[in-house]
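Paired with chain B in one complex and with chain C in the other, chain A is shared by the two complexes that follow.
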Partner chain A sequence: MESRAARIGLTIWVGFVLAFLFVPIILIIVYAFNSSNIQSWPIAGFTFKWFGSAFANSEIRTALLLSLKAGVIATTIAVLLGSAVAFAVHRFEFFGKDAVSFMVVLPIALPGIITGMALNSFFVFWGLGLSFWTIVIGHATFCIVIVYNNVIARLRRVPRSLEEASMDLGADAWQTFRRVTLPMISTSLVAGALLAFALSFDEVIVTTFTAGAQNTLPLWIFGAIRLGQRLPEVNVVVLVVMTLTFVPVLLAYRLTNQAGAMVK
Partner chain B sequence: MNSYATDQAQDASSPSAVAEPVIVRLAAVRKSYKDVVAVERVDLEVRRGEFFTLLGPSGSGKTTSLRLIAGFEKPDSGLIELNGADVTGLPPYDRDINTVFQDYALFPHMTVAENIAYGLQAKRVPRDEIKPRVAEALRMVRLENFGERSPAQLSGGQRQRVGLARAIVNRPKVLLLDEPLGALDLKLRQEMQSELKRIQAEVGITFLYVTHDQEEALTMSDRIAIFNLGRIVQIGTPAQVYEEPADEFVAGFVGTSNILRRDGRRFALRPEKVRMMRADETSTEAGLHVEGGTITEVIYVGQFTRYVVRLADGTDITTVRQNSDRSTSGPREIVGSKVLVAWRSDNLFELR
Partner chain C sequence: MISRFQTAYGTAADALSRGVRRVSAALWRRPAVSAGLLLLPPLGWFVLIYLAALAALFISAFWTVDSMTGDIVRDWTLQNFRTIFESPTNIAIALRTLGIATAVTITDIVLAFPFAYFMARLASPRQRIILSTLVLVPLWSSYLARVYAWRLIFAGDGLLNWCLRLVGFDGVEIGYTNWAMWIVFSYIWLPFMIMPVYAALERIPFSLFEASQDLGARAWRTLFRVVIPMSMPGVVAGSIFTFSLTLGDYITPVLVGGPGSTFIGNVVYNNVGITNNVPFAAAYATIPLVIMALYLSAARRTGAFEHL
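Right, the complex of A and B next:
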């Protein structure tokens, strides 16, 4: 009897926690379809009109395009550099190896505000004007970590004997990389890239310090809410941002798990 | 002239005289990792077509020696020759050697057939030649219908067969096998042992086999090299290493031995060469050495019973007796019984 009461109590408690986490998000989604431009409960009616007006807004379109471009380029840089570092750290013994692997991971541990300030003063010091490219560089700092972590975790789980078997069978280093190593880590590379993109796409803090006149989508949302303007469109944009970040994260999660079963 | 020809014919008919050429030669090979010496010094000659086993406890240097021959490791010093050519500095893909790995090391993202074709593709064997050779290799390991499966769908024994097929399809000069049966259960292991022997007879490739299982080594090998502490302590046929162990280590590692100390000399005596008799029994057999003792241990093994008998001087002698009559009442002799143990003195083997 007591355990039954405890179980009911726990269920209610879990319900509260989930509601606390997700009610605000659900509200935003619901408001995106609210026919009135005044946010009140219950919503006045159901409409898609804010989607049209949000997409018609050139500010929003420019911001979306900028965010997508920055995300894609930062992710590409991260995939190239992050996986290269992962290979180096995994394969070779060299002086300062631990320090290197620590420093690569550091940007994710540092508060974004410090990364942002540091990058800002660096760019200003060297007289590099803040631009689209400074945003990309800012995002790449933490995107590299994500790719690096994913790839090195996988590399550590791929048995060394697979590469030895490949070389033993007559494949040289390049053939071994292309036909064995790369297929073994490909899902971790894709998962890392998806996560990195998601992280870049909704990044605010570092972007604030490294963006010049440009607005990424999160910066536009931030500005609009502060000024209390275009709130219905903001809800639509938030919905888009959520989808564009949630879907890659979900995919990445599934990829990592599937591949785990494959490598064993 | 005539007698010379006759000698030749006689030589050819006796197997020991037909000296096949040396196919693998290690000369003064040494390998260390940082401060740990894995292989102190190894000299070794393996002849073509031999089933040659590297036997030793873990950490004795046998696996490192195999990895040096495969080319996965570079020796600190020494020479490795394959078919008379120096391969010491060559990478694995430039050596005409293939390996069967203990963990199988099958490529999980390829089918069984793709795994087997991998080596042929890497060596740019024409496409229309690859298919029949893969089929032939699958037939040899009795997995004809498994080509399209993925390795994850196979049992441990089947995976090991694929690993074997993937190696022999390349027709290497030497096949290296690194404890290939270590992960299999006893029944399957025995099955694979005879399977390996059959396949070796069929392809005629030199097998260099690493194991820590002395029984496996004795049953399968033409010759055995016994490793201890990074060195080879004895090389010989199974009968040689069993009946004439080079030292106490070999005597204890290959089978079990009783070590007797008599007149400041040490002798090895195999348990099955010790006869146990009742205290009142007498034997008239010539050359039989008899001593009295007390049974301190009785271990029923099913097929036989193992006894430990303590002699007057404190030496423990292990002996076995076949359970040749069916009985559920157990062995007649029990712990504490006074018995006689006897052995023919020519069954003692002096250790130096």
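Right, the complex of A and C next:
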């Protein structure tokens, strides 16, 4: 229906946008193998040596471990709470239902500094020292919506009648949940968890407000870039973080095959 | 032995099953109780931690810090807000943040709309899957990695100047300027615009395009009278992200901005991290909060939340 010129124009535009989206990402991959410690284009040569020196760095290892731990715990909390909200909103009619689904989105719909600042003043208010656990609380708060979005999207697609059939055939509530409901939503739960983990693993804005002396990996990267220190290692760590967020996302994408639920 | 064990196990399982049945039947008859049980933990989390935190933020904005001891003085005062609005610097920072957030949102709409249109209307189902994967990859790739990449691109001997010199231009120094921030923000949040706009365009039935043309509208008229109005909720949903995310950022200004690129977020961050003046930071953070509250309530009317 579109004219030939429009088709050509749109195709060129798509190519341009894709180039815009991917040149920086390809650049990150290339720079991680830069043999020089001066960051200029084109890179001086190809080397693996910065991978070794990055993993030998105990600061980086500690930060990586902390990020993984915080990500796993925050994701677990998010899966439990996010799916609970999804079930409640989908299954029941109650007063303030819109408000609940709105509230769940707030931590990512509001600017990051608001969530960070709010949590920070909350911890200061109650005299809670900033620690590993305050990082986890922050991450869990904005990860809940990711799980919620995934699970509720799935619940809306699976027919309620399957569960009714299960009950009619004599299964009790637990059996129905275990044998019917859970298998139907399990991939959306896993996808939600993977995405929540990826989000947590990469988050920096809220984390700066909720971390005390601890460094997550993104906090380490941010500090190092700002000070202009250890840039060759930064290149490597940045590539590792990108890969570690990318793999769960791709898995999640395969599991859901539905783009709508993936938008943060 | 075994059979006795089996019997005992069977009886216990039966009892358990009967228990489950009784509880589930009771819950089935009282949906309010089930909903309450499901909602209690997440609502507790949100109300006790997050909403309480937002409240704490709002309250502490009306407190001050004793400049001698650094302790928080819990007396109600508008001092922080007065400091903000009486300082031209603070107002300039707020306006700069707003201006760049608006510019980024418009840029992303312009970049995303034709792309999403291609995805929804011209791409084959297979191309559609490939394109949406290609959009989601950068969306979920590390934020810091992508900002850092632009630092490398803008560097004096980086990719940008290399390309410019290749085609015979002089190198440019746009790293550490507001231009750099504008490009980087537009880049970082672009996928957040593409996805909801695509979702909105995809929902427009094919027949509407045909109807519009059958009724004599030319392509441009169809675009402006049918396609764009119907995709508005998607555009608004995307703009919530691009606008809000830019408004609340302080990493990009630090990494690619220059001396004149301070954002609201930087002032907030510095007051929390360096000067330890949490009340002032809280007061300053209420500016984007109020802006977003107005924006979200306006967006809600357009039905954009269906597209989030």
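In the analysis below, the second predicted complex is superposed on the first by the 241 of 264 C-alpha atoms of A that agree within 3 Å, B and C clash if a C-alpha of one lies under 4 Å from a C-alpha of the other, contacts with A are read in each partner's own complex, and residues count from 1 in each chain.
Convention: a residue touches a chain if its C-beta (ideal position, glycine included) is under 8 Å from a C-beta of that chain, and two chains touch if they have at least 3 such contacts.
Just so we're clear, the structure is a prediction, and the values are computed from it rather than from any experiment.
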Clash-or-fit label for the pair chain B, chain C on chain A | fit
Which of the two partners, first being chain B and second being chain C, lies in contact with A:182: first, second, both, or neither?
-> neither
Using C-alpha centres in the superposed arrangement, which angle lies between chain B and chain C as seen from chain A, in steps of 10 degrees?
-> 90
Once the structures are superposed on A, label A:128 by its partner contacts, choosing first (chain B), second (chain C), both or neither.
-> neither
Would you sort A:56 into first (chain B), second (chain C), both or neither based on which partner it touches?
-> neither
Using the touch definition from the top, say if A:209 reaches chain B (first), chain C (second), both or neither.
-> second
Using the touch definition from the top, say if A:172 reaches chain B (first), chain C (second), both or neither.
-> both
Touching partner for A:44 - first (chain B), second (chain C), both, neither | neither
Does the superposition put A:19 against chain B (first), chain C (second), both, or neither?
-> neither
Greater residue coverage of chain A in the superposed arrangement, chain B or chain C = C
In the superposed model, how near does chain B get to chain C, counting Cα atoms only, in Å?
-> 7
Could you give the residue numbers on chain A that contact chain B in one complex and chain C in the other?
-> 172, 262-264
Chain C-facing residues of chain A, complex | 1-3, 6-7, 9-11, 13-14, 17-18, 20-25, 27-28, 31, 39-42, 77, 80-82, 84-85, 87-88, 91-92, 94, 100, 102-107, 109-115, 117-122, 124-125, 137, 140-141, 144, 172-174, 195, 198, 202, 204-205, 208-209, 218, 221-222, 225-226, 234, 238-239, 241-242, 245-246, 249-250, 253, 257, 259-260, 262-264
Touch list for chain A against partner chain B, complex = 159, 161-162, 164-172, 175, 179-180, 183-184, 262-264
In their shared complex, at which residues does chain C touch chain A?
-> 17, 20-21, 23-24, 27-28, 31-32, 34-35, 38-39, 41-43, 45-46, 49-54, 56-57, 60, 72, 111-112, 114-115, 117-118, 121-122, 129, 131-146, 148-153, 155, 157-159, 162, 187, 190-192, 194-196, 198-199, 209-210, 213, 219, 240-241, 244-245, 247-251, 254-255, 264-265, 268-269, 272-273, 278, 281-282, 285, 288-289, 292, 296, 305, 308
Residues of chain B touching chain A in the complex = 70-72, 91-93, 97-99, 101, 103, 105-109, 118-119, 122-123, 152, 166-167, 170
